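Single-structure report; data block below.
Order of writing sets the labels: A, B, C and D. Residues in every chain begin at 1.
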Amino acid sequence: QRMPTLDYLERAARRRIPRFAWDFLEGGTGADVGIAENRAALDAVKLVPRYGAPGPVDTGVDLFGTRYSAPIGISPVGVDGLVWPGATQLLATAAAKARIPYVVGTLASASIEEVAAFAGDCTWFQLYGLPGRDHLVTLDLVRRAEAAGARALVATLDAPVRSKRPRDLNNGLVVPFRTTARTVRDVALALPWALALAKAGTPQFANMAPYVAAPATLPKTAGFVQSEIKGTFSWEAVKRLRDAWPRALVMKGILHPADAEMAISIGVDGILVSNHGGRQLDAAPAAIDVLPAIAAAVGSRATVLYDSGIRSGLDVARALALGAASTFCGRAFLIGLAGIGDGGADYVAELLTEEVQVAMGQLGVRDLASLKDVERRHAGAFAFRP
Amino acid sequence: QRMPTLDYLERAARRRIPRFAWDFLEGGTGADVGIAENRAALDAVKLVPRYGAPGPVDTGVDLFGTRYSAPIGISPVGVDGLVWPGATQLLATAAAKARIPYVVGTLASASIEEVAAFAGDCTWFQLYGLPGRDHLVTLDLVRRAEAAGARALVATLDAPVRSKRPRDLNNGLVVPFRTTARTVRDVALALPWALALAKAGTPQFANMAPYVAAPATLPKTAGFVQSEIKGTFSWEAVKRLRDAWPRALVMKGILHPADAEMAISIGVDGILVSNHGGRQLDAAPAAIDVLPAIAAAVGSRATVLYDSGIRSGLDVARALALGAASTFCGRAFLIGLAGIGDGGADYVAELLTEEVQVAMGQLGVRDLASLKDVERRHAGAFAFRP
Amino acid sequence: QRMPTLDYLERAARRRIPRFAWDFLEGGTGADVGIAENRAALDAVKLVPRYGAPGPVDTGVDLFGTRYSAPIGISPVGVDGLVWPGATQLLATAAAKARIPYVVGTLASASIEEVAAFAGDCTWFQLYGLPGRDHLVTLDLVRRAEAAGARALVATLDAPVRSKRPRDLNNGLVVPFRTTARTVRDVALALPWALALAKAGTPQFANMAPYVAAPATLPKTAGFVQSEIKGTFSWEAVKRLRDAWPRALVMKGILHPADAEMAISIGVDGILVSNHGGRQLDAAPAAIDVLPAIAAAVGSRATVLYDSGIRSGLDVARALALGAASTFCGRAFLIGLAGIGDGGADYVAELLTEEVQVAMGQLGVRDLASLKDVERRHAGAFAFRP
Amino acid sequence: QRMPTLDYLERAARRRIPRFAWDFLEGGTGADVGIAENRAALDAVKLVPRYGAPGPVDTGVDLFGTRYSAPIGISPVGVDGLVWPGATQLLATAAAKARIPYVVGTLASASIEEVAAFAGDCTWFQLYGLPGRDHLVTLDLVRRAEAAGARALVATLDAPVRSKRPRDLNNGLVVPFRTTARTVRDVALALPWALALAKAGTPQFANMAPYVAAPATLPKTAGFVQSEIKGTFSWEAVKRLRDAWPRALVMKGILHPADAEMAISIGVDGILVSNHGGRQLDAAPAAIDVLPAIAAAVGSRATVLYDSGIRSGLDVARALALGAASTFCGRAFLIGLAGIGDGGADYVAELLTEEVQVAMGQLGVRDLASLKDVERRHAGAFAFRP
């Protein structure tokens, strides 16, 4: 096991994919302060183990009526095919194999129909708003997700504006993408990635194909994404989603208890506490620091989920101790693909699951619910004004 | 957009201007501790976004009866022409174009009259005290600023003594300036700067020309500055400024609520909270840390402005959330000029304005006033003794 | 004295032993965060010296009826022979010579009988649980330890599951161990270690020999260890140890006052506060930070001992000031062997003892008990929920 | 002014003196944690300037009836001649010229009589205890200091035991000193130092000459120092000093208010708060952090002085704001000598005095007493148990 932790995979990934792909995956907004703070804030959560009651641990978790094997899921990463060509299908297969939820993105490189075929009841669908023509396309995506059998609809709230990604801008990773000498050199230095590209083909915005005039070339779908996906959902729009979608509805990107409150009043089923992995607002608090206040506010009225900064099973245990029912990772699974290749997402699923087991065993708890009782220190916990 | 943030511009600037110019711009006093703390203190201000109410944002701000397009202005940087030859005119033009206030300095390299011709009602004038002959020159400068149409007079309080700038002293950047082998080498390595110098000519203390015997050579005006500009204004002198100047009067460099109180009792219109970008007292608190207490003390009796450490639109949002009506940057605009060349100040104005919009959009506020309601954490906020 | 502190020895050790041995000794779990925090937390404990009452200091300590010369002991390091071939015997001899307790491990490379022959009443025995066949082997080890004359039985509680050691996994240091090109190169670069290996022979799990079919080859005993040693002791099993062992019983690895309470209710004599040197749970608090709460809970009902992160006599003084009766070090003694060779453990014992004397003298205390009265600052002290 | 601050001098010094001399001067005890914390703790003291009342500043200070020109003095550095051959005379001359007190050490390389001849009423004498023959030599030194006209006797309390100086031990800088190949190479690389040595001759323990059989060779005096100077003063011994010495008596190295209390009850005149520049106990609090509590305890019953970590006039201002009447520096003046050569101590005296003036001017205070009223933040201030 030459890659015992995500850190090792990360080092390998850096060498194996082009610099613009690496920067796209790892970069944040502003000066990447938010990313560093997610890490530091998680590390600062201390948990005190109890001993003397060893026994087998159960990592299983029920989410919206489906049982998954571990409190870990795959967060949506738009244009994941840029990080590793073919990523969407590989993630879908890995999710199904590990029996963990995969929140496939509106901007994934395979369509929701294809993904559902692979991932079955591990399929969840992430939705961005396309407000044009009174949300015509938005609602069509919802309809398609339902038809495909997605178990949950995850509407992303935290991208009201296009946030600034300095590394991408500096790399010229913008629409329309123009190949430069630097791009060519970067790709040439990243042979494993180039081979994966040759096999999987150029990443597409597969979900968008029906909405542009055939043939759905990349420039056309990219242009469509660029012009149509904008703003976040208004609460008004959330109400319409609630009406249109019969299964579990999750709001992704909540950082303030009052927004959780609002979402619950509209009838959502899940609150995904997240700061988008530090990619939206460099002054946002570390997501883990707002988790306790939101979990307390939500209580049992909705399922609290968490992502942002999770890099190990121990991080998963931290989030569960602080109030989450389950967690998701964005970068971790793509780091797996980039660091190992096509089997990388399966590897990460196993790695994290095993680490959750070890953390639980070490902490002296046998089931996930008991994590909430673990003695902890969380000096960074955010105190909201009443 | 190869230069997506100030950080990128800064890296470019370092390569393009001579070392003594770079050190002059970036250096502080003592061990540059104050500069690092301005940065760290701003980064430590956390803001919690709210979602679900997207909409267009308005960055416009009224200051002393004039409307500007964004809560950003250009702070005075004396001898700016050393950093980028021709800077004063370029800043004046950029301010007018972006419709943001430009506080041109007593020590700028173009005169207040020239600047006002370019900048119109974006012209503000920064005043240093020349106590000689009962403030004869000071008051003449005030008169000239009024005649030129400056909208606000900004009197700098925070330079009661010549503070120590170790890097400048080490570089021999003192009056009289003597060219050394190192200077020559530094200039030779900084071609873009040398070309700008050839075009714009040696920077002058243009505002001082009337006060020395013609012809106003650089050695003569520099000697005049060296011997005449000294100390800060006494409150007595501030009263005389108040009497002499009919438009908005701003005190620059306030760090203590009691000084704000005193200024208000004399009838000033604005309080510019600033620690001079960390250049005066290495033990001074980060300026952002005293802002809330001063804003609370001032209330609505005067307009609270802020500078020191602002490097992004997000920093602007932080300062506004903590009580400022608008902000200013000293180094940022010169970093633009140094990093890009003549268009650099325009570029920075656009960059910061766009970043303010993104930050507001991301925070879920539509106008600047709402920033004050954003949930925040500001552990460094200074508690003054009652 | 070219090696005045452990830091100097550590630098030497790094050069003298193979990389896999170094990583085995120094590595932790996860990202080695716990190790760094043990260090930082100890450094953060400030002690205020008192002057004016100089005098000779007494470092002697009574533990469970035996007098030792200093409040320092050797913690068990399983497979210590990997770090320095022949370590177990060398440690036993050093302990006897310095008159400090040596907690020899279940997994040591010499048997408890051999160790006791060298170490006499400085022998303590560390026990891991072998739950198979109703703890048959566990109890046989207890019997042997008693027969050999061990003064205390130290049952390790903090290894309920096999924790993850990323560096070992990356180095392929797993059972069965396979020699790779990298191993060979590492050994070749570490001549002193290779010579020690030639002299001492391959490290064995000497205590396990009776339990496998003769001849007890390394693969056989290693396989036995791998399959039989698992889980921690349950409180039920602790009760059986209590019944089976007539002398001092110590529980090692306690981090929570409630576990100390439980242990005391079963009748244990000692509580060894430890986070296993940061090797079990990367989110565990620094061991020193939980020491005061546990010492307060235990009071005089049991003897509180401490290990984890001790690197100097000053660290010993810190732990005693915060409530420990005596301390132990795992890595320090092996760093001595690795850094100097066969005399290294004796050297470390002298070094630490002398440092304890200096620290006491400097603090103005004459005996160990007075350390508890030293004025201190310990901002990191953990506050447990009531 | 190519050397505008101590930092610049320090960099120069490092290149100009042999490594063992550098390590001797800069090194601390343990892992040099205490030195770093003195610096960090001073930097963490924030002072808020007040403006609007400019005016000339007065740095003069009365200490025990003598007026000095600035609140800065030279702390004793034993064997100063090792750092810069001829140091003691150069320091004495510099003190007299700048009119600041020089606490010449028992272990200085010129005798108290020689120093007093140069330094006049700027002479203070630092005393170590030589308890042999009922303090015969100690009291003879006191008598000589009185005869020589020293204004104050400064008895060092904080060296009850020989503290460990890892760098010196590693460099072989111990009695008897043996020249090694490394020593020779170090000296050869430090030409300025070698020249100074050639001029000034080998540093001597000049004060000890009368107490060894003539001729007083270095090995003889060094051996005498090694065997006779030991332990700190007991309070009993302090009483005898009080009786024997008619002028100002200062206790050096106080870190605990209760020790200050004890000293005052014996009738001492001054309390020098110091942690010996971080050289005695690596766990001691930063000296500046205990200053306020000690100053509060002492009140006006004695004169509170401060040293440890002072590197600028701003640091002086910090210490005065927190309760000291005046400050001292150990390393700073020797860094001056090492960095510049024979004129270096004069240079440092001017530099620090000018920096104190600038700091006062910038803070808006005109005399030293007003520094105590400056608004400050001192989060590290130590709270002693009642």
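In this section, a contact is a pair of C-beta atoms (placed from the backbone, for glycine too) under 8 Å apart; a residue touches a chain by one contact, two chains touch by 3 or more.
These figures come from a predicted structure and were not determined experimentally.
**Q** For chain A and chain C, which third chains touch each of them?
**A** Per touch definition, common to chain A and chain C: zero chains.
**Q** Find the chain most remote from chain C, comparing centres computed as mean CA coordinates.
**A** B
**Q** Superposing the C-alpha atoms of chain B on chain D takes a rotation of how many degrees, nearest 5?
**A** C-alpha superposition angle, chain B on chain D: 90 degrees.
**Q** Do chain C and chain D face each other with the same patch, meaning over half of the contact numbers show up on both, or with different patches?
**A** different
**Q** Could you give the separation in Å between the centres of chain A and chain B, each centre being the mean of its C-alpha atoms?
**A** Inter-chain centre distance comes to 42 Å.
**Q** Between chain B and chain C, what is the gap in Å from one C-alpha centre to the other?
**A** 59
**Q** Please output the residue numbers of chain A that touch at least 2 other chains, ranges allowed.
**A** As it turns out, chain A has no residue touching two or more other chains.
**Q** Determine the shape of the graph in which chains are vertices and touching pairs are edges (line, ring, star, complete, other).
**A** Topology of touching chains reads as a ring, each chain with two neighbours.
**Q** Where do chains touch, given as pairs?
**A** Applying the touch rule to all chain pairs gives A-B, A-C, B-D, C-D.
**Q** Give every residue of chain A touching chain C within the complex, in rising order.
**A** 1-5, 7-8, 43, 45-54, 312, 314, 317-318, 355, 357-359, 361-364, 375, 377
**Q** For the complex, give me every residue of chain B touching chain D.
**A** The touching residues are 30-31, 33, 157-158, 160-166, 169-170, 172, 174, 231-235, 238, 253-256, 258-259, 262, 280-285, 290, 382, 384-385.
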